[in-house]
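Listed below are the structures to be examined.
In the two assemblies presented below, subunit A is common to both, partnered first by subunit B and then by subunit C.
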Partner chain A sequence: MKLRIEKEELQKALQNIQGVVDKKTTMPILSHFMLKADKAAFIMATDLEIALKGPITAEIIEKGSLCIPARKLFEIVKEVEGGILLESQENNWLRISAGKSTFKLMGLPEEEYPALPEIGKTEELNIDAGLLRNMIEKTVYATGDSDTRYTLNGLLLHLIPAKKTTELKLVGTDGHRLAIISSKLASPLSSEMKLILPKKGAMELKRILETSSGTITVHLEKNHIFFTIGDIVLTSRLIEGNYPNYDQVIPKDNEKQVIIDKVTCLKALRRTSIMSREKTNAVRFDVEQGKITLISINPDIGEAREEIAAQYKGESISIGYNARYLMDAIQAMDGETIRFEIQEPLSPTLLVEAAGEGAMCVIMPMRV
Partner chain B sequence: MRTILLVDMDSFFASVEQQSNPALRGKPVAVIGSGKRTVITTASYEARSFGVKTGMNVWEAKKVCPKLIFVTGNNGKYTHTCRMLTEIYSKYTSEVEVYSIDEAFLDITGSLKLFGSPIEIGKMIKREIKERFGLNATIGMGPNKLMAKLASDISKPDGLKFIRQEEIPEAIERLPVDALWGIGGKIAEKLGALGIRTCGELGRAPVSLLKSRFGIIGERLKLMGMGIDTSPVMSNEETAKSVGHSMTLPRDIWREEEIEAYMLKLSEMAGRRARRYKLAGDTVTVTIRYKSFRTFTKQLKINRHINDTHEIHNTAMEIIRGIKLSDSVRLLGVSLSGLRETGMPAQLNLLSGHLKKENLLNTADGINDRHGDSTVSWAAYMPYTSRPAVISPAWRPAGVHRTNV
Partner chain C sequence: MAFKDIIGQENALNILKGLIAKGRVPHALLFAGEEGIGKKLAAINFAKALNCRGKVKGIDSCGACPSCVKINKLLKPETLITAGEGDDNLKEKIYMSHPDTALILPYKNEIRIKIIRTLEEHLSYKPFEGNYKIAIIDNSDEMNNETSNAFLSTLEAPAAKSIIILVSSKPGILLPTIRSRCQQVFFSPLPLKKMEELLREKVKGLDDEKLFLLSAVSGGRIGYAITEGLIEKRDSLLEKFLLMTGNPGKEIWEEREEMEEWFEWCQLWLRDIAVLKASGGTGLLINRDKREEMEGLASGASLKNIIELSEGLNKIKRVLDRNLNIAITVNHTSMLMRKMLGRQNVRDN
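After this line comes the complex of A and B, so read on.
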């Protein structure tokens, strides 16, 4: 294998796979990526949960392939200047030359690289890249991290077929809060599907979508999902298991509706939560006609209060929240205002986005 | 200067039985457990005069007192009486530490202005207990718990004694060290080896000597020898470090289902007590005593604070399943530590039906508080509810068991 690549092109490609390549692995091969030069050149990286495959622009002098340590090559490429010549040598050595510098890096043969699932003849859906990115952004923050209820460590893609369209619902929850957004897709689907995409897969997908536009294709399989974004294919294993019945926890027919300015609320939360940050992050909302008083009290340190204007006409109510959950939800929402729908101090509160797709977040209060 | 008062009920279980059944009054009565291998838990003073002692088995007791009447203990009756007694104490001071089912410490320092001298308060409490329950109590008073306990011990039964600060040196000078509360046979033996036999000698012993022999408690031993004890009357139950329960089983068991059922009962008792005091813990400790009396504990720390019976039980069973039992089990215990007040800001759960579960437990606790323990219980425990176990001496009325302090 021998190919010439521009520094910027290689650096960008390597940057893209750094998040996929497994750094703490016990399998050395997973800290490598595969570079393959056939008619065109492409690179591949996986941690066995997700896999990323994308093209790379290169002048192919000699066909071939090699598994290369991803981190080390990235460090080298960052420092060198001009065009880079990659050349495989005997015993899986890779010779890297750029300008007057040369490096020798030990690689692994192609055969050692794990076989990645291939897209089969399965159902497919088309979705706008910008829409999908937006939907992920508005839900992924609520997914769990290394929760023992492992299905919570992923983002639910609930696909509900309608006549010639499909409703796509994305749901993320960590058991304390739940974010949900729904959208109609023009593609039809044969049957209802509930797929759980691991958080890492969702985060990688969001990152790739940030620099893409147009329509992407999603292939759905029993154990895997494939996202084709231009020439890039992101594959992810799906989490097996039953996702909680999310619809049940979304409070409905809420009498007390409070409309608050988004930026004002965020700033007030940031300020008041300074006093409660260490231990519990609890902030109390005293909601009255026309205003909310945010209060945080930390017996060991002190307290903070801030009054903000709110559109509200009901009876007064006092309710505690984890400030971080509120800030995560509010930050993810578009529009100038946020609607809070409250039932009782110990029942879930619903936050609704005023603009956009109408993202919602259910937040379980704190007992304060 | 503090004034501490100890109420020690005279042969409590036997006296309660004699009160509830007039035919037993004035006769030698021994209260025994309900199991087959039971021993005497309390003997009435009439029985004691024949030489019947706590811990004797039925056969031994019959030998020294052929006319002895055996009564199977009724724990419900005793715990109820203990609760009622605590109400009486609470009229005199809010600082009440129910130390065991038949002993309670009262800090009456602040009550003297209201009720009169320690002797007068002691008399009033004695009279009220006698009038309401027909029971005799011995009351000991002193400037600290140690001296109050000593005053009670030396004036039993039906006694009333106040050891004043200035009387302490004379009262304890010639007293053998093991007469002091907290000095047991082993420590007394070791002190004896150092030539220390009386409290006077202990109080004069160089602290360095005691420290080199007993380590950190050496200093406390010297203070005890001088009649000094600074330990407070612990009425503030929230300072508890662990909440738990243990029980000697009616018979030795080894089958997992049976152990599981008792663990559920114990988890319920521990959980209920924790809930009553609005505490939740993140560490569950299981105590196991084998038939051979070999006893050990094992604990598991989890990532959240719990006080729900099922969660305690599940964690306890996880511990049990990790133990390879080498013998049949005689006693089981469950306790919760790493306690935190649940009143503190706590994030509620969205998915687990948290509030529903909490309401269920609160309701069940309410029913059991009002109508007696185990009125409402877990179905899994039902096959094993037929016989009550012998009450543990560590029983507290509604109190938190301070096992770690």
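After this line comes the complex of A and C, so read on.
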């Protein structure tokens, strides 16, 4: 393999995969990325959870492939100037020359790199980049973090086929709260599917979608999901197992409905939660006709109280929440107001977005 | 390297092949049998066969496809880097050369709970490039209680497409709750005749007497029989055995490992002594070439005492890794041997 690449191009490409190249050393080769030059050149990196593959503009002098330590090459590329010549030599050595400097870097053969499946002739969906980004943003905050119930460490993609369209539901939950959003896609699908996308995959996808627009293609394989965004392909391994039945958790026919201004509520929560216990973050909502009083009491320090206006016409009710969960949910939602749907002080509360796609979040209340 | 290269374990291999052929590979297996007879080798080749992408006749692995080449590296884990290398805090020894196959070894004679957590996470995903996610836990009897108990739920119902293979030469030490969750595959030592045949093939230029000795002394463990200097090792350890019945002095063993080995070998000699005592003849001896020594040892002992000594030495061996004081151990062992072998007065002479 022999190719000439501009410094900026290589630096940009390496920058993009930094988040994917593994720092842990369970498998030493994962600190490498694969550079392959055939008709065109591309680079690929994986941490066994997600994989990123993208083209790189290069003048190909000789075809070939090599796995290169990502961190070291990135450091080299940062310091050198002008065009860079990459040349593979015997025993997987890589010779890097730029200007008057040359480097030799120990590489590994392509065969040792985890073999990523190719996109086959499987189910394919098209989805607007902005919409998908928005949907991920409004659900991913509720997913679990290294939970031993592994299915919760990912985002559920529930695809329900209808006539010529498909309903896509995204669900995230950590057992204490659940965020859900649904949208209609124009592409058809043959059968219902439930896939669990790991949190890291969802976050990386969101990051890439932030700088892209237009339509992206999603390919669904048995074990992987592929997102084709322009010329970049993001692959994510799926999580094994059955996702909990989320529909059961969403409270229906809620009598008590409270409409609150989003910004006012968020600010009041931030202020009152200063005084709540750090571990629980508990804030009590005393809901009365036309207003809510937010109260947090910490016997060791003191207490905080704030009154905010709300549209509500029912009997008074007192209910406690983890302020962080409320803030996460409210922050992710669009529009000026948020609708709280409450049943009993100890049964789950449903937060509904007033504008946008109608994102919802179910939050388990606390005993206060 | 493939199934066909594993010597003398037809029974176990047939079971494994049958499982693959029927497509009914259980999610938890326990490979049990003496040390040095190819359990880990079989486990690695089982993993290869399950994930092989090449074409081979029958059920086996091709050994040449990228998947086989990657898994093959697990045969020499010392050449792979692992998490925890040089970092005592991690205390992990997990090797992966193939994204779906992991080999776990004890770290400082212990398998800790943290590694099980890592493993569980690894199994929670769908396979990356193979058909199955496989975890091989070698010397699995070194899982501590905490680890074993944390492992139970995973072992009972791991994520789909997961196969956990526990390898152990001391399956009896595993918690019964662990054992009952695994399908056990037994690997047995080879019979004497088969060993002699194999050794004749493997090692050239051995006379019949040497063939018999290697086959018998190694206890049917082919891997052990072909290690270099086995007979010399026996000779030097037997010398120490004789020394122990007299006045051994403090520095009889150079290192701990040798001491542990010695306790293992003791059983072999005690067996011979007991045979002499019980049958009165030398026909069934293993250490035929050391007949005189054996007879000498047998002379002053009763069968009951020999068996008692065997149990006593076993007991000491079991607690060896608990940081015993070497000098006291030597003294105690020597005293026990003198008493049981009827050599009470040796010291006085």
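Quick notes on this one:
Everything below uses one rule, namely that the second predicted complex is superposed on the first by the 355 of 368 C-alpha atoms of A that agree within 3 Å, B and C clash if a C-alpha of one lies under 4 Å from a C-alpha of the other, contacts with A are read in each partner's own complex, and residues count from 1 in each chain.
Everything below uses one rule, namely that a contact is a pair of C-beta atoms (placed from the backbone, for glycine too) under 8 Å apart; a residue touches a chain by one contact, two chains touch by 3 or more.
Note that the structure is a prediction, hence the values are computed from the model and not measured.
For the composite obtained by superposing both complexes on subunit A, the positions of subunit B and subunit C are free of clash and fit together. Residue contacts after overlaying the shared chain place A:222 against subunit C, while subunit B stays out of touching range.
Of the two partner chains, subunit C is the only one touched by A:48; subunit B is not. In the superposition on chain A, A:111 contacts subunit C only, with no contact to subunit B.
Between the C-alpha centres of subunit B and subunit C, as viewed from that of subunit A after superposition on chain A, lies an angle of 60 degrees, to the nearest 10. Judged by the touch definition given at the top, the superposed model places A:28 against subunit C, while subunit B stays out of reach. In the superposed model, A:244 makes contact with subunit B only, not with subunit C.
Contacts of A:178 after superposition on the shared chain: subunit B is touched, whereas subunit C is not. Superposition on chain A leaves subunit B and subunit C with their closest Cα atoms 5 Å from each other.
Within the complex formed with subunit B, the subunit A residues making contact are 173, 175-178, 244, 249, 276, 279-280, 282, 320, 322, 346-348, 362, 364-368.
Here subunit B touches subunit A in the complex through residues 343-352, 354-355, going by the rule given at the top. Note for the complex: subunit C touches subunit A at residues 66-67, 69-70, 80-83, 85, 94, 96-99, 117-118, 120-121, 123-129, 159-162. Looking at the complex, you find that subunit A touches subunit C at residues 24-28, 48-49, 111-112, 114-117, 146, 148, 150-151, 153, 198, 222-224, 237-241.
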